[in-house]
Amino acid sequence: MAKKIRIAVLGATGYTGVELLRHALRHPHIDISVLTADKQAGKHMADIYPHLRGADLPKTVALSDVEWQGIDCVFCCLPHGTTQEVVAKIPSNIKVIDLSADFRLRNLQAYETWYGHAHLAPELQMGAVYGLPEIYRDKIKQARLVASPGCYPTSAILPLYPLLKKSLIEPASIIIDSKSGVSGAGRALKESSLYAEVAENFYAYGVAKHRHTPEIEQELSVAAASEIKISFTPHLLPQSRGILSTIYVQMKNGFSAEKLHDAMGEFYGKEKCVRVLPIGETPMTASVKGTNLCLIGVCAGRLPGQAIIVSAIDNLVKGASGQAMQSFNIMHGFEDALSLSLYPLFP
Amino acid sequence: MAKKIRIAVLGATGYTGVELLRHALRHPHIDISVLTADKQAGKHMADIYPHLRGADLPKTVALSDVEWQGIDCVFCCLPHGTTQEVVAKIPSNIKVIDLSADFRLRNLQAYETWYGHAHLAPELQMGAVYGLPEIYRDKIKQARLVASPGCYPTSAILPLYPLLKKSLIEPASIIIDSKSGVSGAGRALKESSLYAEVAENFYAYGVAKHRHTPEIEQELSVAAASEIKISFTPHLLPQSRGILSTIYVQMKNGFSAEKLHDAMGEFYGKEKCVRVLPIGETPMTASVKGTNLCLIGVCAGRLPGQAIIVSAIDNLVKGASGQAMQSFNIMHGFEDALSLSLYPLFP
Amino acid sequence: MAKKIRIAVLGATGYTGVELLRHALRHPHIDISVLTADKQAGKHMADIYPHLRGADLPKTVALSDVEWQGIDCVFCCLPHGTTQEVVAKIPSNIKVIDLSADFRLRNLQAYETWYGHAHLAPELQMGAVYGLPEIYRDKIKQARLVASPGCYPTSAILPLYPLLKKSLIEPASIIIDSKSGVSGAGRALKESSLYAEVAENFYAYGVAKHRHTPEIEQELSVAAASEIKISFTPHLLPQSRGILSTIYVQMKNGFSAEKLHDAMGEFYGKEKCVRVLPIGETPMTASVKGTNLCLIGVCAGRLPGQAIIVSAIDNLVKGASGQAMQSFNIMHGFEDALSLSLYPLFP
Amino acid sequence: MAKKIRIAVLGATGYTGVELLRHALRHPHIDISVLTADKQAGKHMADIYPHLRGADLPKTVALSDVEWQGIDCVFCCLPHGTTQEVVAKIPSNIKVIDLSADFRLRNLQAYETWYGHAHLAPELQMGAVYGLPEIYRDKIKQARLVASPGCYPTSAILPLYPLLKKSLIEPASIIIDSKSGVSGAGRALKESSLYAEVAENFYAYGVAKHRHTPEIEQELSVAAASEIKISFTPHLLPQSRGILSTIYVQMKNGFSAEKLHDAMGEFYGKEKCVRVLPIGETPMTASVKGTNLCLIGVCAGRLPGQAIIVSAIDNLVKGASGQAMQSFNIMHGFEDALSLSLYPLFP
């Protein structure tokens, strides 16, 4: 039996950290060696999350106390902004999969504009690979540092990339209306995440200025081979998991929803974690809950030349920890979906 | 003290019926004289809805057993399609406020196309007034038959009407992305309304073919003084009440979100049941829960010339029974908001 | 028209504070003169709670900046423990209704045992009246300081008081299994109140040691005219509002559930805010949502001599702000239910 | 590689059926050969449950069209009452695991009393084994027909069995206050299962007369070696999955909660699907969501001699399909937990 890959999970007590453990615990080739949790260092995970009682996990340690020797791969589940300096200190022989936004924007100026400060590890940024496996599989295989995509961007880029790549839609016409479960805001304590304020409530936020905008634009610009801007509106759903993005596009002259659907199907035909539904059908978030799937539906719109595309992911899986594990699998020569569920818990 | 107005509520046991009773019970000038409920005729409302225990309400009767004499006004809360024939049999001296879709489309051909059969009471349709008080107050005052608007249309027409009326936006550019709580589907028994299938789930439905489309187009065409088509996508929220519509429009050359906001504020300045938020702010459904309010926010979009407008209503109040009561008040010379809450239950 | 009563609400930005405003805003004899909010002093309530936009309310001030002159009555919605010193500084001509636990325990030693420190205003405690209107109406009428009951105690004392008073049940046999919506934990920021940790979850907490235990025991001991202990287990429900208490008792020899039901009906026959259901029926929390009602059901148990009593209240209304307003009404000579809803929002 | 075991799932489209498929799909030794669905015969499962898209499953057939040849084991997920006659017609060489209540009561008279009609397959009942693996493992190994326990009974019997077996508690003192998620009511269409009536609501039902009572009493009587009666009160939770039972018992003289805890730990020490928490700790339903675990906590009560025991299961897994699969594993010589998750989806 091959030696297991020893991983460290930095920031193991947030929602993306604990979701990563769900997958890592059943991964046949992973040895979970280090868990960090600054505020709660020294605790057992089961004391923080009772559902992990019984899991064979090391105690948490402070980030500064991590012994890097012997670690093969780091999953970094730390908050945005703090990650750059942390990753800069990890020995360079260790692979890093970062779930924060810190290494996603290749344009350092764009980073500064949207995040309000100069990038603190620009040289690392140069070598980072954007961890969307269906687009960058070959680069991920070779990468030392993978910047795992944001949840909204995953739901928006996967359906739009093939359409722009194949010049089927007008790049200036894209409107992305996204709705996310509240776990996307993490475990941080704020009034807007309280049960009594989320339940039986729904609203848009960050209209025309959410930080995932440049990330989506970066990848769609690659696909279109030109700089493009998009309209992106996130909303908060009264549910824990799930993102649904309803995307409105204008097709280029002569194309139809059928043509878009064909192109999408062709592009993702062999993928295990992306599925294109029959034309005219659209997905539910319940169909991806707990899974690493992205489901995509394509419909004709009512306005002339309009198509409507709907995508669904679980923000904590394909939108975060599952996708990071998918990159891990690719980096280590395993199948994409190893240890990742493809059937949801329903109901 | 003036004589009370005697009302009949047809279909009193559905969600719109029982919501209507909530308002009627505290209306100082209403005497609830007749309640119909075909399947459950002969029951006390409190046996069907325990929360109505203690309310002074007549027993339900079958529709065929109603004695119309002495009734002044009928609220018709029956399912779509069945209402036309029912209303045709109500003595013509009785005012009727219909909450179904049966009398909303002035174009009988459009009715036939979207509802699949010829209209059964075309002469009544001729005299029906579309019951959106902020637009048709004067006609409602004189009406015998008011066709109270649908929930989605209310959330879409209120924000768009002034913008089209004042020619501030491109009529061919309108995209309405709407999200509704599940009470909009009524109390009918279907798998898609079960708790276990609604909770922790979200999806679009009826993409590009929902029956509220022609209703929205009818009124926006009036505003624009030309035939227009819109893109309308409804979604189902895991919550009981509330509609939020996120609306994307292209402004006509030379206009800005500020200008749209000013126009909206001017149009609704004196209205009690429509409020325009400060520019750049957008509403929550929790802010209208249980109230007859429509809140509207206006933002600049990221695409050139784009504005994003967000509206929120409670689908059972301003989107149904509350608006019907608002029309009742107007028809009888009372203030719009009499008996209608303007502060929600929160949390 | 009589002069309005000028009130101050201390701690207006918590859930009990904002719920109190919902009732006060429609009270015909109240002038809301002062709102305090230490952390957010200087803000408009609508900036903290958008659903209050449009309400005619003063800006919040820091507690230390309140000018007491002209104030007639104070609603104190501050956290437990901090209230004693605050109330001690309010001029003695001003009536005070305190919603915290600070003045509920008449036994200062019991207070110290359960709350971990000596009482800071023992002389005020001497004059405080326990504000359960159905039991202490006459004392409330004369009170200067009313200690409004806790939410769980309200749901437990109301059904048990008459049974003990009339010696129908064994005082040593009482088991109270209570379940509460999460708004009972207030707006304080803690992981256990986050949407993602409350939704689709249910559990007991504070088993055999919750601080509401001595409060329940105090009042039941009064009823029984002897010191009694009870078994009380609170649970957290995945919903915002509502408490349901399922209470198991042994009847004294010769009594039946019917007898208990009769006694209960007789005791509460004239009350507007307590309703006894037909024997064998039990209430839902949805039937009291947003109302100041306590509903009580009485059933025969399966074990010999056992009766099962189920009560339902809205923890923020009859369990907090509504009951405080009921005491206000009694103190000022109004009807109990003035400004308090008796029909819930449903669904 | 060994030949796979060919199973038929009767009633595959209900919640227990579809949950069974979730486990069967990842079971290494199962071949899902037949699925029945009378009303929806001829459909693909993915047309009924979109989350099953992509699963390799046979089309559904009508029960009358099943070809039994080659089938090794049947999971019967049909409604109560209809199962007896169905099972009677299954060839006797095929093993049967029945999830309904039809074969759980060994006393045919008790069956008739609680279910309102004489048992239709009394001879089959004689050979049925009550499928609670932790109690009846040896009998399950040999069984042809396993009657898989009800959800509430599983949550009640597991904690109480060892205490009665070891004579630590008074058999006449048992009060079981249970709370269940709504999936326990299945996918049947009824108003009480609608989202709008379950959400933000909580109530008791079937007080002192729920049909799971005799099933609990049957097994506890075995443990106590005497006929006992219990008090059992079920409640409906606003969540999809999960049962929590709060159990009040009187200890026999000289025993303490610690002693009960020790006995429980000893009894379940080697079990994979039952875990006893440290004394004084109690479980959450979220900790078992989607898993085949039963978690049990033991606390001292406040009343003299009282102990409080809290158990948590997922009603669809350990309370239904997972436990049935556990029996399947035992019947076929596999480990109890094969294909059954022991870590939940959280949040």
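A few comments on the model shown:
By letter and in written order, the chains are A, B, C and D; residue numbering begins at 1 in each of them.
Basically, contacts are C-beta pairs under 8 Å (C-beta built on N, C-alpha and C of every residue); 3 or more make two chains touch, one makes a residue touch a chain.
Treat the numbers as computed from the prediction; the structure is a model and nothing was measured.
Farthest from subunit C in terms of Cα centroid separation is A. Comparing chain pairs B-D and A-B by the number of C-beta pairs in contact, the larger count belongs to A-B. Once the centre of each chain is set as its mean CA position, subunit B and subunit D turn out to be 45 Å apart. Rounded to whole angstrom units, the spacing between the C-alpha centres of subunit A and subunit D is 37. For the pair subunit A and subunit B, the distance between C-alpha centroids works out to 39 Å. The residues of subunit B that reach two or more other chains are 15, 183, 196-197, 199-200, 238-241, 283-284, 286, 289, 347, listed in rising order.
Taken in their complex, subunit D has these residues touching subunit C: 172, 175, 177, 179, 181, 196-197, 199-205, 207-209, 213, 229-233, 235, 237-242, 244, 246, 248, 280, 282-286, 289, 299-303, 306, 308, 310, 312, 347. Residues of subunit C touching subunit B in their complex: 15, 18, 22, 25-26, 49-55, 183, 199-200, 240-241, 275, 277, 283-284, 286-290, 295, 342-347. Taken together, the subunit C residues at the contact with subunit A in this complex read 15, 182-183, 187, 189-191, 193-200, 238-240.
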